[in-house]
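Note that chain A is present in both complexes that follow, paired respectively with chain B and with chain C.
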Partner chain A sequence: MTETLPTARAPRLRPIGRMLAVRVLGTLAILFVLSIVVFSMLHLAPGDLVKTLLGTRPASPEAVAAIREQYHLDDPLPVQYLRWLGGVLTGDFGQSIRLQTSVADAIGSRLGLTLALCGLAFVAAIGTGIPLGVQSAVRAGGVLDRIGTALGVIGLSAPTFAVGLLLLYVFAYYLPIFPVYGGGRGPLDTLYHLILPAITLAAGLGAIVLKLTRTAMLRELDADYVTSARARGIPEGRVRRLALRNAAIPIVTGASLLLTFLVGGTVLAETTYALPGLGTLLQDSVLFKDLAVVQALTLLVSLVIAVIALLADLAYLLLDPRVRAKGGTA
Partner chain B sequence: MSASLGAVGVGFRRRRGVPVTVVVCLVVLAAAFLAVVLGPVLYPEATKQDILSSLMPAGSPGHPLGTDELGRDILALTVAGAASALVGPVCVAVGSMLLGILLGTLAGYERGPLDFVISRWTDLLLALPVLLAAIVVSGVFGGGYWTTVALLVLLFSPSDIRIVRAGVLEQSARPYIEAAQMLSLSRWRVMFRHILPNVSSLVITNAMLNVAFALVAFSSLSFLGVGVPPGTADWGRQLTDSRSIMFDNPAAVIVPAVLIIAVACAVNLVGDWLGQRLTRSGGLA
Partner chain C sequence: MTGIDVALEGIEGPAGRMVEPLSFGIAPAASLALIGESGSGKTLTAKSLVGLLPPGFRAAGTLRVDGREHRLEQTDASWRAVRGREVSLLLQDPFTSLSPVHRCGPQIAWTLEAKAGRRLPARELEAEVARRLAEVNLPARVARAHPHELSGGMRQRVAIAAALASDPRLLIADEPTTALDASNQAEILDLLRELQHERGMAMLLISHDLGLVRGRTDEVLVMRHGEVVERGDTARVLSAPEHQYTKALIAADPALALDAAVPAEASGHSEASAAGASTDASDAPPLVRAAGVVKRFGERTVLGGVDLDIAAGEIVGIVGESGSGKSTLARCIAGLEREDGGTIAFDGAMLAPGRRSRTPGQMQIVFQDPYSSLNPMMTIGQILREALAVGGRAAAEVPGLLETVGLPADAAAKRPAQLSGGQRQRVAIARALAPRPRLLICDESVSALDVQVQAQILELLGWLREELGVAILFISHDLAVVRRIADTVTVVWQGRVVERGPCARVLDAPVEEYTKLLVAAAHRDRPPRHDHTHSHDHSTDGRTIPA
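Let's look at the complex of A and B:
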């Protein structure tokens, strides 16, 4: 997208601003389209809309009239959409028919656990994937590289729930040092309960990080500047740091890959370990057809993904002086 | 989705012949294929419930892998479940490959507004996390096995479209295309008889890797209770059903879990190997 930007007549530093503006507008456009899709989900879902909204309550004429009134079902669709969007923008996602609370409360009370799980898994994946990837690239074809490659293939191929169930069995049966079920009580106990799910998630994430790092580092270590740096007698450690900095660009650009994996992986990991987080909330709501919750979660995830993709693009600017320079002087 | 990760074996010394790992993988895939074909013949009544023989541990007489809560034989259920677990993903990969060839070639060769529309469409789809979109759509709209296959074809197609489009763009600038155009061959003939064979190695490699991703996505969906109706013989479904009896009969969980991992790994490794072979010998340089 960026290479088509007009740069000829623009004064200094303008193109970066313009590039940002284009990216932000593009993100907003995607979110707008998605919000329409998510809104229409309610109307496109099979079965009678009023019955879906009533849930388990009896369909008396009064209740039906109340529902039609409450959801403004007699208004034209665009008006309904705008009203819904207005509510969403002010944090009002409606009521959950399954939990009998507001959707915002249902999400708020489970958000912490999911964030902690994703954070832990992310740290574990970065902490193992990058060093292992660098070492694999430095000694390509060596023992460590072969082990790393094998682990990478398994991590990428194995579905999160299959890894989770196998770990669950091993740790519940042979090595009972971790709790295997539920979310625990209190912050420390929760953290303790999250270790095994986080390792499960990190297996897939770490494999992606490892592969991205290894591929990028192999390419960088082959570059002329590395040969030249080595020839000038710069210590190997500093050369590798130099190479890793350059390799960081494709790794950060791959962040979207990590995120897509994380979104699905969280649902699977939480379901496997019966953790009361957003993933299980989504699964239960989908199976129960609790549409307000599904709508809110879908929008929330889309928003997070869009914002992180935007941040990854910004990080790209920060990491690569060449991109900045090209934008600034062209 | 797999293209940006690069091949597994990059940087290894290239050897002649077929590597041992690939042979092992091919054996695994052959066994899986046999289970798909022979499963319905060998165990036509795999999902039949028999409460009298419920929860027998592995090694019981007549039930080498034991039974589950509903008294279904785990061995029969696993062999019969191969079809449901594997046919869908292969259909997803082939379907998304065909869609990718059609739309990618059109976008890359015709350019113009058609290219713009197709490219924005792939941008939009790529912004969606596959699994989440599949859970929501397939879960909310119901739909059975083949609806889920169609949905996954749609969600997997962007990577195929992009790869084909890039390949076609690169080929279109070459002299042989100019020559074909000068002979005033029809557009369709140039696109599908002249360009397509030259991008086919990329397409086939990506389709192989898509089989592995689709296998993971499919089994994940059926594990979550979406896509495959309850009571079906299917590896993912079997894992959900047997989670609660993990300590009574571990084989009910471990066997399907290990099989899913083994087949996915095998497909991935064979795909990578095939990719390296194809790109080295002819096709795209």
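Let's look at the complex of A and C:
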């Protein structure tokens, strides 16, 4: 036989390293451009910049002068940007006009709750969407599949705030099992308070995961290697795991994109349940033109999305040996 | 009693009865071939024996393995006693029958564990997997490789090891070599034969290719439209077929052309120079002249300086195994790949690498798989109108185009899914002809087709050359097919031209070692026949069979 086997593993890792470096650099470039956009928000915001920065304080000449001094508004723009960027990189996002605290503190005190909410919702969506999707695909056309499809349509089409209100009415008011609003005190109580909001968020997400899983699984179960595995007498459980492992490639790519959907969803869910998280902070800050907070949150959200996209690429490499071999160019 | 006994009472599909009652027996270590074109019910019959019929299909009957009786209509759960232990299935395409994301070792190990009915210690599994790989002549390190890292032949060996890991009494091999090169085909079939004898295992070999079966199976069952039309001893069926259909199948086999060559005729050809691809003394430049074409993919050199001339109206065959670079050369000529070195000239004018420098009227490609090369959402009419528009021709020419490729005018309203494989390939050819190209590139264009349809498409290509004067670059791994259509042939191996010359000379009296190997493999694969079928005119016989 003339065929040769790839014996050395090291050369295969080099293209992966190169691809990683390219992706990280790309992400940094995007964040750089975004920082410029976010910085310009201050200057592009409608209305007088100084008045906005003054907030509710009286606009006396002294106060105006103090503001101009504090924000270095008389410096050239590039200098202002670099100064702002330096602050951002050292964790100094400036002061929140509305809360009269540092932006870092305002965000830091609410970050945990939002992360917990997103995490819970994501776990709930994956934990229900994938098993249901697998079962729907395995028994396509069966009762479970039809129920799954119906649930999927409802989850996809019902807006987050509507689901939230409905759940509130049923499980907090009519059947007072869960609290109506607030974030709770202590880890357990917080978890208790987060259950309904997480379900609300997870509904739409889980529906998409279910659809993704079902479609991917249906395709894989139809593949030759599944027929071949079944014909070899491999138990059905193993065959399904085998198909799911292959289906994981589209599912993971899809699910990682969904994480970014969560970011928008939290604003609605937190508002509906009056949770003191980043979503409500963003909403209030926009209403109050609390620009420093809006800037920081926008930057944070873009950072999160960029990192998720990077992780999704990595997951792809991890899941598909064929892409690994090609160094991620395909 | 030992051996396999099948009494099939029929297979029902959504559109009615697909397979009529049939029965056969296979003794231990013996083999039976099930021959027929696609749609004859041969694959359905095979799948019914492992309970893997597609949804909507239902089989009735019994399968008896060494006296143990299994009903074919049983439910999924009870099939577990049959699958793997009694019957195992080897599929056609080694590129899809292994899971692409798992290493080869575990895929064999699953079968071992399924047979044992429990998890096995890792060390024990590893040793057993290595033993199974050695059985199919693969080194133990293949266990660590992913399928995509292996060649087609190696993958099919892994698939065989996986299918046999449960030590079945019957192996059903469904076109196990159709997707492989000629040299690999023979090796795989001989390997199967060997394994069969070692294990006393019966084999049901399913194929559309009668030539493949010769000398490798004991008995043959010829199926058509779900019915057995002829059965008997392999040698008898091939040498003295009784049924009209079997006779037509034998006549349509392109191996005939390979065997029919008379040595005296060949010696006449061999006077032509070895590099006589363009020996026509005319001063006019050839239609296409590729010189020193180099192509690299990453660090791998796929083409290492290849020259090729195609004269106007000439049919040039390129043969070689997969990975030899023959498709890459065609894609460079078509501008689908950008060559890294060398020049390609069309009609005397240099063409820059890439598609932008080429016009639709220069050349067109017909791809291998007519199932994926046509947009399933468009009607045939839409597909052809689009192609005509590209060539600046009127949409009204669709019926004429269909007629050129031998399709009825009402095909224009249909979608690809409503056509057979052969009809689809005709559409693909019509589409390629729409801009009136001067060169038609056929990249394995008949490899995915049944022998009979293959014969018809080859006939069509020959006719197109006569009528339209179009030159054809015909790429194939199948020497017999190239032999049948090409004027000159170029043998490519590892990105280099090994030998070239008039078709008959190269294939009948090869000079180079590698060409000899290829020809020998093709012959081993289709042992020569010695009977009356020589006198058949295949073109007319081919036509009597509807596509």
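Keep in mind that, in the parts below, the second predicted complex is superposed on the first by the 313 of 330 C-alpha atoms of A that agree within 3 Å, B and C clash if a C-alpha of one lies under 4 Å from a C-alpha of the other, contacts with A are read in each partner's own complex, and residues count from 1 in each chain.
In this section, a residue touches a chain if its C-beta (ideal position, glycine included) is under 8 Å from a C-beta of that chain, and two chains touch if they have at least 3 such contacts.
On a predicted model such as this, the values are computed, not experimentally measured, just so you know.
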Original post:
Would chain B and chain C fit next to each other on chain A once aligned, or clash?
Top reply: clash
**OP:** Mind working out whether A:294 is in touch with chain B, chain C, both or neither, as first, second, both or neither?
**Re:** first
**OP:** Using the touch criterion from the header, give the chain among chain B and chain C with more contacted residues in chain A.
**Re:** B
Original post:
Looking at the overlay, does A:44 come into contact with chain B only (first), chain C only (second), both, or neither?
Top reply: first
**OP:** Pick one for A:145: touches chain B only (first), chain C only (second), both, or neither.
**Re:** first
**OP:** Pick one for A:157: touches chain B only (first), chain C only (second), both, or neither.
**Re:** first
**OP:** Could you look at A:171 and tell me whether it touches chain B, chain C, both or neither (first, second, both, neither)?
**Re:** neither
**OP:** Mind working out whether A:81 is in touch with chain B, chain C, both or neither, as first, second, both or neither?
**Re:** neither
Subject >> Among 293-301, 365-373 or 383-391 on chain C, the segment whose C-alpha atoms clash with chain B after superposition >> reply: 383-391
Original post:
Both chain B and chain C touch chain A; at which residues?
Top reply: none
Original post:
Contact residues on chain B for chain A in the complex?
Top reply: 1, 4-6, 8-13, 123-124, 127-132, 135-136, 139-142, 212, 216-217, 219-220, 223-226, 236, 239, 243, 246-247, 250, 253-254, 257-258, 260-261, 264-265, 267-269
Subject >> chain A partner contacts - residues on chain C that touch it in the complex >> reply: 50, 52, 76, 80, 82-85, 87-91, 93, 96-102, 110-111, 114-115, 137, 139, 141-142, 145-146, 148-151, 153-154, 159, 162-163, 165-166, 172
Original post:
So in the complex, which bits of chain A are touching chain B?
Top reply: 30, 33, 41, 44-46, 137, 140-141, 145, 149, 152-154, 156-163, 165-166, 168-169, 172-173, 208, 211-212, 214-215, 218, 250, 254, 257, 259-260, 263-264, 267-268, 271-272, 282-283, 286-287, 289, 291, 294, 298, 301-302, 305-306, 309
Subject >> Sites on chain A touched by chain C in the complex >> reply: 1, 3, 5-7, 223-225, 227-236, 238, 242, 245-246, 249, 319-322, 325
